[in-house]
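What follows is a group of structures, each given as C-alpha cells.
Each of the next two complexes has chain A plus one more chain, namely chain B in the first and chain C in the second.
Take a look at the complex of A and B:
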C-alpha cells in the first residue's frame, strides 16, 4: 500500500517537477556568507598567512597580498552593488536596511533580495579561467624556484598560494570548509619553524579565531565575541583530553624522511671578522638557557659558554679549521672527550636547552663531558660540542663541567703550528710590537699580561659602533681608531701572541647570562636552593682568546676585561645598553625594559614561563614520557603501557562527558517547589489513592469541579483548598497576606484529610457489612 | 556488465537493510504527536566535513611526528579532542527539544499545505532544520537559526496534484551546530498525512443558483423541475450577505420592515443531492472537480446539500446525507478525495 502511494507521489512530483527542480537547484547554490563573516574570514586568511610570512619568499608574499587585496576589493564592491540596488527599489531597501542591522544576508528571502544576492555573487566571483591561469602561473613559479628555496619551503609556498586563491571561489559550503581546513593547516605548518611560548600562544589565538569564524557560520545571530567565548570554552573542555593524549600517547619515530626546515641561521657564524659580533649583539633574541638545578650558579666571570674555536687566520678573518685538516687531527686524537676520572675538581652539572639556531654548534662551559643521553652530540678536540644535525627545534642536553681543570695539556705538533701561523706582513706594526714584547718578557703569561696592560692603560674604548677598518686591518684599530668590540681586542691579542711565538687561538661563544629566578639562602640546611635558570641572549655573544702555556694547557685570556671590566664581571654597562637601544631604535628595547621595574618583572616572568614551556612541552621526548610512566606506575611492560593509555583515555573521555552532562543539567534544573505547591501535591496524592487523578493538562478549577461530581462529600473542603492554592499561585500578594493564606490553606488541608478519613471509614464499614 | 550485475545484487541487499532499518526505527521512534529528543531518538554521526576534519587531524599528527615537533603534536591532539567535545556539544544542543505536530492536514490539490511543527525549548538551541524524510516529496529544508527559550514554529510545505489521502512518512529533524563536524539527527514520526481534495473546477456561475431563469442547458440535468412559482414558501429569514438578491422579500423591504429573504421548501428539497453521475463530464476526475467547486460554493452560501457518489442511495459510506456548515463541507470534500 505504502509502496503504491510512494509511486503515485513520484508521479505527482514529476508533474510538478518543473517548479521543484528549480527550487532544488536554488537550494544547492544557496550558500552565502554574511558580510561580517566574509570579512572575518578574510581577516583570518591575512593573519594565518602573516604567521608564516617569514618563511615565504618576497615574490610569493607579494602575490598573496595582491590576491587578498583583490578579495577585499570584491567584498567591498559587493556591498556597494547591494546598496545601489536597494536605492533603486524601496522595498529591497527596507529589507536591506534590516539586513545590515542584523548584519547577515539570510533575511534576503524575498525574490528581489535573491536577485541582489545573485548579482552580488557575480560581482564576487572571478571567472574560473582567469583564476586557473593565475594558479597555473603560480605553480610554475613555485616549481622553478623549488631548487633554490628547498622542498619544504616550496611546499609551504604551494600551501599558502592555494590558501590565498581558494578565497576567490567560495561557491558552496564545501569550499568554505576547505578554506577553513587549509587555514588550520597553515597554522600547524607555521609551528615547524617556531615553537616558543609567545608564538604558540599567537597560534592558539588564531586557532580560536578560525574556529569562531566557522562557528559564526552556524550561529551568526550571536555576536562574534560570544562565539569566541564559546570556542574558548570548547577548546578548554577539549584541553583535558588533549593533555592526557599528550602525556600518554606514545611518541612515534618519524614515519618517513621529511625535508628539513632551512631557516635563516641565527647566532654565531663559522667565521668572525672584527665588528661581526657587535652586529649580533643588537639582537635581543634568546640563544639558549642553562639550568643548574640546586647548584650554585658560578660567578658571572666564569660563565664563558664556548661555542666555536677559530684557529685559522688569513689576515682578515678568523675561521674554523678546515674539514680536511680537522679530520687529520681527529685521527691523531681519538678521544676528544675530557677525561673526568683524573680530576679532583668538584663537578658542575647542568642542563642546556638550545633554541633553534639552524646551525650545529652547541654550548658548554669547558671542559665538560656529556652526561645522560649523548645521542647525536659529538665532542670535538677543542672542547666544543657539535650536534650531528642542524638544530631546527629546541634541544636539551646535560653536561658536567670541571671549570678549573686545565685544557689539553699536550699540544700536537700540527696544532702548535696552526696556532702560531699568521700571514706575514699583514699587520706590520703589531708584528713589531710583538717582537718587542717577546724580547722584553720571557715569561709567557707576563707577556700576555703586558698586552692587556697596554690595552688597559691606553685610551681604548669599548663600543658597539666601532669605526670601520680598511681591510679589517688590526694595525689600524690598535694604533689609530682604538675603539672596538670584543672581537677587535681578542683578534689583536691573539695576533700579538702568535707573532710573539705563543700558540694562541680565538674562541667565540657567549659570556654570562641573565639569571631568572629566586635564590633562597639560609634554609635549615644552610645550602643554596636555586629555583631558576640562566637565559643567554644573542647580545651576550662574545669572543675571547686562549693561549697555550706549557704545563697549564690552554689558558683563557679575555682582553675585553682590560678595556671594559664590567662586561666581564657583571654584564653590559648602562652605556652599552643605551647604545644598543639607540641602534635598535625600537620601543621595547632592552634598555627601556630594564629601566621600568614592572615591565622588567613581567619580562622575567614570561621568560620563566617560556622556559617551563620549552622544558616540559617542547622537550617532552619519548624518554621523558617513559621516565614519567616509570615514576608513576613502576617498571614498564608493553601491556602495562597499553593499559595505561587505554584507561587514561577512557577516564578523561568520561570525565569530559560527565562534565558536559552536569553543565547541561544545571541549566534545566527545576525550580524548587513552594510550600503551597507541596501541600497541593500532597492532596493530589491522597486523591489519587481514592482513584481520582488529575491529568496534567487539566486546570485546578476543572479538577475541583470533577471532584465535586465524583465525591460530593469532599466538595466543600477541596474547593476551598483549590481556591487558596490558585490565589497563592496566581495573585500578587504581599508576604504578609501570603503567610496568612498559607496558614488557612494548611488548615483547609487538615480538614480535607479529616473528611477523607471519614470517607475511608464509611467505605470500610460498607465493605465489612457486605 | 559487471557493474549492472553488481547493482542488481546490491539492490535487494539495500532493500533488505532498509526494511530492517524501518522496522527498527518504528520500534525506536514510534508514531506520536509529540516527541522529546533524548539519547533514545537522537542519531549523531560525523558529516563529510567531520570525516575530512579527522583526516586533516591525522595529517597534522603525521606532520608533528615526522618533524618530531611536540607543539604540532599537541595541536593535533587538541583538534582531535575538539572533535569529541564538539560531538557532545552537538548532542546537547539537539537534545531536550520538544516537537509537536498535528498529523492531519487537508486542502485542495495544487495548493500548498502547511504542516506546522511546534518546537518548545527550555534553553537556547541553534540551527534546527526540518524536512520530510521521504526524498520523493522534494521537501525544502526549513530552518530556525536561533531557537530561544519558548516555543517556535516550523512550517513544512507539501503540495501535490493528486487528490487522495497521502501518507507523508517521517520528518527528519537535524542540526549541524557547533562546527558542522557532526549531524545530530532524528527521524520523527508524527503520522503525518494529507487529505487532498480535488481541485475545484468552476461550473459557469448560476448553474446551481436558485435563479428562475434556467438559461444554462447543463443546469437542467439536475434542476429540471425547478421554477420559482411552484415553490412552497416556508419562511422569511434575515438577509445574509451573499444570498441571492432573487430571494429578497421586496415587499417587506419596501415597507421598511428590514431586509429579509424568502426561503422555500421546494428549493431545498430539490437541491438536496449533488450527484456525481449528473456532473457534465465523462472523466471522473473532472466530475469530482466540479463537485468540489459546488460544495465550496454551496457552503459559502450556507445552503444545505447532500452528496451522492454512488448510484445506490443505501450505500452509506459513499453518500452523505444533506447538511450544511464547515464540518459537513470537510466531510464531503474528504469523501471526494477518497473516492475511488
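Take a look at the complex of A and C:
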C-alpha cells in the first residue's frame, strides 16, 4: 500500500516538476522515441490497462480510454505533420490552423513547436498545466470514490490513472523508464485478482511485450520479433532464479484488504429466491475442483456438493439462520464431530481446491469430516463448512466423506420449529395442497414422494428462463406458469413439506461436475488408476431440499429429479445447453465446445493444466513451503529457515552467474590463451597495479615505450619481454624456436618480476622515510 | 616456412640500400621522415600513391625524388582540365611514309607516372588512368599494351576547395594505396629549405650545362627494386595480425551493415563512427603496406605497429564521408575516423574474445 502511495506521489510530483521545467526552457528535449516505438508503447499501455480493466470502475475506464485515445490522436497528428514537413507542402499551415481551431489551445502551441522540431520527434507532449489540472481532478475523484470501492481498488485506480497520464509527458529517458515500470506494476497488480493459468499466461505474454518495447528502444536496428526472442531467452535464463525465489521466498499473506464489493459477483449467495441460480448457470467460470486421488469417483447423482443450508423462509426468499439464532446452535456445532467409527461405510477421501469466491462457504459431500489441516475451517451443525476468512485466494482442503451415512439423527426442538415455520397465508393454494397431502399420506416419505409424483406427472418443465413471478409467489409457479429452475422446485417442495408438517430445508450448492481424466493412465497392475480431477463450474450450481425423517435424519430430496432426471443423473441435457448458449450468445459457448470433439479435448487438456497450476503453483502456500523445508532439512527452526533462504539465494545467484559466464565464454572464446599471452597478461596486470595501464588500442611496442618513459628502471626488462612476446606472437617460428623463445620469455618475465619487487621495496622505503 | 631464410636474408641485405634511399629522399624533402618512409613503403608494396596538399608544399618534389632515387623511367604529366585521355595513354597516328598507324605512346608508358594535380583533369581523363593502375595495361584502339614493370602512378592533388578541381570518384581513390599529405615543415626544416633554394638554383644552372646530376642519381637498380618488392610480398603475417586487420575493417563496416559484427568490444565508440566501409581491396592494401613497413623496419614479420603506422594513410581516404575535405582543421589525424577506428580495436585481442 505504501508503495502504491509513494509511486503515485512521485508521479504527481513529476508532473509538477515537468511544469517548471517546461516554463524554464521551452521543452528542450533530446529524448525522443521513433514513431514505431511510440506506437508500440501506446499499444503496451492499452493492453496493460485492458488486463486490469475488469477491476476498474467505469468512469475511470472512460478517463483512461479518453487519455489513451488522445495520445493516439497526438501521435497520429505528429505523423501527419512529419509527412507534410518532409514534403514541404504548403498545405501544412492550413492543417495547423484547422487543428488549432478544432482543438485546445495547447495543441496549437505544440503544433508551432512541432514545426521547428524534427519530424521524428514524439508528439505526445501536452501543455503541462492542462495535464496537471486533469491529474488533480482525477485524484480528487479517486479520493471521493475511495470509500465506496475500498482502499485496494482506489489505489489501483490511482495507479492506472497515473499510468495513462504518464504517457503525455515523455520528455526524458527517465520518464520513459517510469512509464515502463508503471506498466510492469499494473501487470503485477492484475495478478492480485486472478491467478489462473490462462490469465497468468496472458500476463506473461504482456510482460514479454513490455520488455521487448524497452529493448527495442535501445536496439532499434533489430526487428521487433528478434527483440521479443531475446527477451524470451533472457526471461528463460532468469527462470532459475525465479524458481528458487518461488520456493524459498517467505510467503506473506496479502497485506491489502480484499474488496467486499466483489463478493456477490459470482457464486452462490446467502439468500436464494426463485430465479436466482438460473442466472448463475450462464457463467462457465470455475467454482472449485475436487481430486479423488486413486479412488473411484462417485456417480454423478451422488455428487451433491453442499455449500449452504437455508432454513429461514420469509415468503419471498430463503436465507441462512440469523446470527442470533446461529449463536445458540454454535454450542451444538462445537460438540459436533462425526462418529466415523460407528459407520461401516467406506470412507471417501478427497481434496477440494476452491477458486476465490469472496465468500466464506466451502463445499463438501455430506456428511464429511476435515482430515489434514483443519486450520481456519469451521464445521457447522448442518454439515456445511465455513472458512474463517473470505476466500480471496485459491484454497485447498482435504475431506473424508461417508456418502450414505445419515445426517443429524436428532433434531432439537428449536431447529424443528425453525424448519417447520413458514409465513402463514403467503401461498394459500400450496398450503391447501399440503393439508390435503397430510391427510392422504400418513407416512412422511410417501408424502414427499406424492409431491414428486405431482411434479413428474403434471406438465412441468425445467428451464433456464423461468417466467417472472409476482412477488416470488410459489403458488403462481406451481399452479400457473409451471416452468422453473431447480430453485423453484426446491422452494415449492420445501414449502409444501413444511406446510404439511415435515421439517424441511433448502440446500444450495453444486451438483455433479465434469470429470477431467486427461491425465488418466492405465496402471500395469490392471487396477483402475484414477488420476483425473473433477471440475465444478458455476453452471453446476443447484438447489435441493432436505426433509427430516424420524430415525433416518435429514434426507436429501431433489425435486429436480422429478422434472428433469437427466440433470441429476448425468448433467445438463442438450436442451438446456442449447438454451444456455442462446442466452449467452457466445461463439465459444460450452454447448458448441462440447459438440466439437477436438475443441472439447483441448479444453479438457487446458483444464487439467490449469488444475496442476492451481495445485502446485498457486496452492504453494507458506504451509507447503514449510513442509517442503521440513522434508528436505528436517526440523525447522526460524534461524535455520532464514539461513536456508539466504544460502539458496546466494547459491542460485552464483550458479546463474557461473552458467551465464560459461555460456558467454563458450560462445565467444573458442580458443584459449597461449602461454606467452598469459605471461604478457600477467605482466600487464602487474604494471596496471603500478599505475601503468595499456590502452586497448596501443601496440606492445608503443606500450614498452610508454613504460620506458614512465618507469625507466623497468625499461630494459620490459622491452625485452615485449620483444619476445612480439616475436612469439607475430613471427613465423618453428616449434623448436618457439620453445626456446618461450623459455627466454619466462626468464625475462622472472627478471621483470624481480625488478618490479625491487622498485616496490624502494618506494615503500621511500614511504617509510616520509 | 621454407621461404623464411631467403626472405630474412633479403630483408637484411636490403637494409643498406633502404637506408640510402631514405637518406636521399629525406635530404630533398626536408623534415618529413615519416612521410618519406610511408611513400617508400607504398612503392615497395607496389601501390600507387596520392599526395594531397596545398600548392608549394613539396608534393612534386617528393614524387620526383622517389622516381629518380629508385632508378626508374619517369615522366611528369601536368593534368589540366582540357587534358584528354589520349594525352595520357597515347594514340595511334597515321604515318605517311610507312602507310601504317603507329602507336604514339603517352606518358603512361613510363615506370613512374607523375600525374601532377590529377584533380584538375576532367573525370574522363582521370578514369583513363584507372585501367592502367588496376591492370598494369592500357588499351589503345582495341589493342592491349602491357605497361613496363614496375609501374607506379604517383598523383598529386590540390585540396578540393581550390578553384577548378574535379573530385576523384571513390572508385578511383580506392585504387591509390596511400594518400599522403606532407603538411607544413617545422621551423628548422623550413630554414633549411630556404637555404637550399639558392643551392638548388645553382645546381639547376649546372644541370642545364649538361653536367652530372647529383640530385638525380639512382641509388638502386631496377632489378634490386623488383627483388625487394618480391621480398615484401613474402613477409610473413601471423594470424593475430590478420585478425587485427579484419577487426579494423569490420568496425568500419558495422554502421554500413546495420548489425553488430563479431567485433564486440567498444561497441559504444564504434556506433558513433560514421564512415564508409572498407572494402576487401582496402584491407589487402593495408596488409601489403604493413608488410612493406615491416620490411623497411628490418623485419620479416608484420607487427600490429606496422598496421597502425600505415592505417591512417591507407584508409583515411577510403573512410571519409567527404574524402576531399582533407584540409579541414577538424580532420586532423588525432581526431580522424581512422584514428577512432584504431582506438576501438584491442590490439592483443582484435576480434574481441
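In the analysis below, the second predicted complex is superposed on the first by the 527 of 770 C-alpha atoms of A that agree within 3 Å, B and C clash if a C-alpha of one lies under 4 Å from a C-alpha of the other, contacts with A are read in each partner's own complex, and residues count from 1 in each chain.
Everything below uses one rule, namely that a residue touches a chain if its C-beta (ideal position, glycine included) is under 8 Å from a C-beta of that chain, and two chains touch if they have at least 3 such contacts.
Predicted model only: the values in this text are computed from it and were never measured.
With both structures placed on the common chain, the touch criterion links A:660 to chain B but leaves chain C unconnected.
By the touch criterion defined above, A:389 lies against neither chain B nor chain C after alignment on the C-alpha atoms of chain A. Which of chain B and chain C touches more residues of chain A: that partner is B. By the document's definition of touching, neither partner reaches A:675: not chain B, not chain C. By the touch criterion stated above, A:740 is placed in contact with neither chain B nor chain C.
Of the two partner chains, chain B is the only one touched by A:174; chain C is not. In the overlay built on the shared chain, the residue A:700 is in contact with chain C alone; chain B does not reach it. In the superposed model, A:416 lies in contact with neither chain B nor chain C. Residue overlap on chain A between the chain B contacts of one complex and the chain C contacts of the other covers 221-222, 668. Residues of chain A that touch chain C in their complex: 221-222, 668-671, 677, 680, 695-702, 726-727, 729-732, 734. Looking at the complex, you find that chain C touches chain A at residues 1, 4, 236, 238, 240-241, 258-259, 264-266, 300-305, 308, 342-348, 352-353.
Of all residues in chain A, those touching chain B in their complex are 2, 5-6, 8-13, 15-16, 20, 23-24, 27, 106, 173-174, 177, 181, 184-185, 187-189, 191-192, 195, 200, 203, 207, 211, 214-215, 217-222, 234-235, 237-242, 245-246, 249, 251-256, 258, 261, 393, 617-620, 653, 656-657, 660, 664, 667-668. By the touch criterion given at the top, residues 48-49, 52-53, 56, 59-60, 62-82, 84-86, 88-89, 92, 95-96, 122-123, 126-127, 134, 136-138, 140-141, 145-146, 159-162, 164, 166-167, 176-180 of chain B touch chain A in their complex.
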